[in-house]
């Protein structure tokens, strides 16, 4: 380890934030760029499964809440791209890697939203899992990222409460509504658990990321916290988590839960989820269809500055 | 008038059909091509306002009836294009004139179908008016056209009865359904009267066409017959025809009716109806999007015949 | 029937905001730039808020117990009284923007007049809404200018959108009996009085944007009276699905 | 629960026909040639007829008073049990045709087996339907061959459609408990037994069409159990609008 590297690690160990202009190891920079941009992409792609129900929201109030949530997610994407830009990449570069399929977004967004309760369930479970992942990152070593996380977590807690409220309304509604809520839980439960990533035993890069404090808790620790937190919430709603092996373990003080189908996880990551193709195509089409728009704004800006130059010369 | 022309007119006056291989004046040929191809185009474009409700038909039986009707219309288009082809044009030439906007289709199809009762009302009034126009044409002087008309009229009478049955179901249904039926009648009544074309006083070409027996009754005669026939049908349904001036005239033995808004008619013919652009664009898009398909069938046929030639040579 | 006319008028205001908001929300996550996604969502949100205020009040005035959701989700297309302009499909982004500009320019004038309505509630809603709409209009003008006077491609698209939508602008200024009656009472504004100001603004913006005013003078009409094109029925089938499929449920 | 399994099975057959028919009818008046418009409409009509027979019988077996229209228009997407394949969007005409070919080849095998069902009504419906489906399949094969071995462009489109839809074909051959149970009773056919024949036919047609079988082996599933993609909900919102909006009306 070089002297620079040692000094860097000492700062981290001492809880001092690394800022954009500070020296950092290339691996730290690259890992952060990947992690932050994946996170940004997830916010952007995450708009789509929710967007699927905006036009069908059942009340004007729910429609407004959903639109506002989706707008917040776009905002999160933008802060996060800005955080990534502090590391010496541009938003367009990073975004091009999403569109080309080189860099992934969270696999959870490759599942379809097929009933209205999904919208609440996504808020409750998916935002819930995201917050669980992100709260520790508010303490991460990279200043711009940790500050973005503080803001994101605050808004996402709000989304999670709104999602839970929606599911509660359904769970306490007509029998059909309760069935929708249960159906949504059945479909989202396991994918939500997979959001924490592969089991610690299979997880690559984790040790280094933990040393650098850009990963604070392990995948399995976070997953367990999520299960422990979510179970009582499901019970309170009168909904059943789709796991026969789930039970309270007095000895550990945690819930035991069944085995996750990691083959499904790998397939979805590899592009074989129900919606991978649709999600990416939607974004690629939006980008391609919008090229003329972006080009025209540039063309106008150039014209304008040429006119200003000409006016200045004439004066 | 040349000897040929005199002989031609004598055949017509004697009620002898003109067939494709017979001599005919160029004006007769051109007028027929225009008239038959406009009629064919109307069948093809006429699929679109009905197609707008196929995906929303309220019962499976009604959906099947509607699909079958639309299929019949496509069939009528095809017989009529065949009849036009006997006059020395090709279907693709004639169709290109539709797509370029050079030749019109019936203006009635430039109005939107906005509720389910429209589907019945179109059958009742629009097919009704079409039959009124076409029944005399079963006796027209050009053999292929008159035979096509016989077949078309038979099927359209069936459609008209189905349409009337649909409107009756609505008119005798819930208050909302009855309102839909009345609303549809309000919107389709005047455009249906316009289907017979401008008043005789303004109608060009009519005298010659009548002499040639490719037009048998005048626009105003047909319109009056239609009003006389349709009024009692509307009364039987308990619906009100949207014309305050409509009343039975003991002296003439016909219904008197109010003035038609010919300015609207001219605007719709000129392209300013509510749906002109959508109708034509839909057909143009279908044709353009299908170019690869039609080209590929030709390419396959060529490959196949080349292979047959090669096989024959090898043998 | 003053009461009825008033609720009809309020529904028109609400329906415009609702239907346009629905169209804008179809862009969700599909805009040409992240900032545009956010801006369109923002406008859609403002318009939903306005729709709620107008429709709630319409329901109260009507006095048949219909709230904002009953009016939004349980009327069929012939009962919707929005302008034909706002129900037009999104088309490309140029068409969405031109539709928005034509509407915003009119909307701002209407709300400005309604701020002086003799009905306090109308004046109050208009005063709230006009702050949002002033921003919508500024943004629309800015984009129309930048895209009209942008690239050759953007100019072509913008001009095509203008030609496409022009025939739906006439209806904005046709006063019908309802509007005349309410206008005479000082409750609503007579839209025919807005036409010159609207045309002046559009002309000015188009001049800067190097766009041309269309020559066509034939205008479509009927939206305010519930006579719509074929697009609205499909928009409503989607929008109203849950309320229609599960009547009586609470969401 | 034999009765329930039977009605579930009948609904699957009906839902496949209904949903595919709905997709085909979206082409109405928009096909690439007049003859294609007519042929697609014809197939859509045949499939509606079959859907009516299966759903009517499903309703009778279920015994809860639901007729064909109650089942078609008043179930929500999670109660629909069609294969994922048939709910996929039309895409271009190549995608519509490849979807149809994959389905027809399977459909014919299923109906052929069901002609020998121990249930006379099932056997009877299957015997009627298979005559229509034999024509559908002949037409599909003919077009797949002509377009696969047509122009470079048509081959590219057809191969792309094959790649696009391949992952929805696996579900056709997964027997679940319902099918196993009914298969054991001689009422239904175990779909896993059809896979070899289907693959042999597809391979043979593709060889003539110069198309390639995709390498991908991961298959989507869930349609038969009511777990669908996002497209079905929108299809149903449109299809069911009138029955949902006006409950209790007669049409």
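Note that the chains are named A, B, C and D in the order they appear, and that numbering of residues resets to 1 at the start of each chain.
The rule we apply is simple: a contact is a pair of C-beta atoms (placed from the backbone, for glycine too) under 8 Å apart; a residue touches a chain by one contact, two chains touch by 3 or more.
Being a predicted model, the structure only gives us computed values, none of them experimental.
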Separation of chain A from chain C in touching-chain steps, minimised, is 1
Count the C-beta contact pairs for B-D and for B-C, then tell me which is higher. B-D
Interchain centroid distance [CA atoms averaged], chain C/chain D, Å: 42
Nearest whole angstrom, what separates the Cα centre of chain B from the Cα centre of chain C? 37
Inter-chain centre distance, chain A versus chain B - centres from mean C-alpha coordinates, in Å: 57
Residue ranges of chain C touching at least 2 other chains are 76, 233, 237-238, 241
So which bits of chain A are touching at least two other chains? 56, 176
So that we know how the chains sit together, what is the shape of their touch graph: line, ring, star, complete or other? other
Pairs of chains in contact (touch as defined earlier), listed by label: A-C, A-D, B-C, B-D, C-D
Residue ranges of chain C touching chain D (in the complex, touch as defined): 76, 233-234, 236-238, 240-241, 244-245, 247
Chain C residues touching chain B in their complex are 76-78, 164, 167, 216, 218, 220, 222, 227-230, 232-233, 237
List of chain D residues in touch with chain B within their complex: 18, 22, 25-26, 28-38, 41-42, 44-45, 48-49, 51-52, 55, 68-69, 72-73, 92-93, 145-147, 149-151, 153-154, 157, 238-239, 241-243, 246, 248-251
What does chain B use to touch chain D in their complex? 44, 47-48, 51, 54-64, 67-68, 70-71, 74-75, 77-78, 116, 169-170, 173-174, 176-177, 282-283, 285-287, 289-297, 299-300, 303
Name, in rising order, each residue of chain B that touches chain C in their complex. 49, 52, 56, 112-115, 176, 180, 183, 187, 267, 272, 274-275, 277-278
